[in-house]
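Labels for the chains are A, B, C and D, by order of writing; each one numbers its residues from 1.
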Amino acid sequence: MFRLVEEPIDVGTLITSAFRPDCGAVATFVGTTRIDESSGASVEYLEYEAYRPMADRKLEEIGAEIGERWEVGHVSIVHRLGRVDPGEPSVVIVVASPRRSPAFEASRYAIERIKEIVPIWKREVWSDGYVWVGSQVGTRMLAK
Amino acid sequence: MFRLVEEPIDVGTLITSAFRPDCGAVATFVGTTRIDESSGASVEYLEYEAYRPMADRKLEEIGAEIGERWEVGHVSIVHRLGRVDPGEPSVVIVVASPRRSPAFEASRYAIERIKEIVPIWKREVWSDGYVWVGSQVGTRMLAK
Amino acid sequence: MNGVKVLLFGAAADRAGIRQTEVPIDHTATLGELWPVLADQYPGLMPMRDTLAFAINGEYARMDDAVSPGDEVAVLPPVSGG
Amino acid sequence: MNGVKVLLFGAAADRAGIRQTEVPIDHTATLGELWPVLADQYPGLMPMRDTLAFAINGEYARMDDAVSPGDEVAVLPPVSGG
């Protein structure tokens, strides 16, 4: 299951739906909004945008790559779009496999590939402006 | 939080309690009861026993080892005792860290160490008898 | 349609000041030929040139890939999902 | 208490046919000295010898570690948690 969603992700349900009698290992990665502090200002929230439907298709491609490389029984990737508040999950990856090595390796592979190929962008919205992460473009003084 | 429990583990709550604004990555490992088939018989459930309180203390030691080796904000390990049915979680490990590498590495370390040093034993209860995993001792014909 | 639809995202949309535009072309060209037309119209994009990736009809493309009238081109700053 | 409390787990409890027993000792001995007394009383344990670990008072111990009257010794087959 590969999805971009606007609403909060139900992590527990996503994981329990991966349990299968033929898989003994379920590895999960959750990326949450981390708050940095800099020069008195702080990040208030993150805002994500995507190029759809290319982003949806790239998530599915990552799932297919995982299926080619590892023995897995279930892969889910869900990524938030829009505003994500501090401490909330922005991405959840769940991989079930008969054994634990493939589960760990595939879940790590998924997050690395998301950061490489999925057309999603986030900006940090600070108390004094915003910055596009990775581009250093935005309205904060520090970004210019 | 390090616990041995007799009742089902609430995976979702365990993970969401690990979310912290200073940690951007939460890696989780869930071990579930896997069903093997052999010679017409099948595993009906697993049954775990522990040497307590040594097992409780060893879980805490693993948490301390992780704190010495990686930058982590939160570590939980919960292991079931007693009967665990197919597809149910027998162990859940949750690690939150500012960055994803320590989270992945520490969660994997935790499961490897559990399998090395924590005095817990499981037996597979089959339709035709049981076997202590790792000892090949039991009441099944195949075990003898 | 007599042109190429161009979508811009993230920092590229900010720099150009628009999220969508159309570049008129009446024959097949390469991405490399399309870029100067776009950069001329939205000079704020120029300093980002080396960091940008492009897609044609929803798939990553190279500068020598062909663009035809009716295609959709996307201007993609470094992705930052996760 | 005039002896050592011995706890057995998993396959070791099965092989011995008991989960708990007491080995009488009136002075400090080593685990290595305790083992033959135990194995003599519960010969089913003998074939497992090379796979067993031991704990004294809840901590892993070696065969030359000392056991005193009142201590708790645990006989631990290969652990299989997870």
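Heads up, the rule we're going with is that a contact is a pair of C-beta atoms (placed from the backbone, for glycine too) under 8 Å apart; a residue touches a chain by one contact, two chains touch by 3 or more.
What you are looking at is a predicted structure, and each value in this text was computed from that prediction instead of being measured.
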Smallest count of steps, each to a touching chain, taking chain A to chain D: 2
Relative to chain B, chain with the most remote C-alpha centre: C
Between chain D and chain B, distance of the C-alpha-averaged centres to the nearest whole Å: 26
Approximate Å spacing (C-alpha centroids) for the pair chain B, chain C: 50
Touching two or more other chains - residue numbers and ranges from chain D: none
Sites on chain B at which at least two other chains make contact: 31, 111
Interchain pairs in contact, sorted by label: A-B, A-C, B-D
In the complex, chain A residues that touch chain B: 10-13, 15-16, 19-35, 86-89, 96, 98, 100, 103-104, 107-108, 111
Interface residues, chain C side, partner chain A - complex: 7, 9-11, 14-15, 48, 51, 55, 58-60, 74, 76-82
Interfacial residue positions of chain A with respect to chain C in the complex: 31, 48-51, 53-55, 57, 79, 90-91, 111, 114-123, 132-135, 137-138
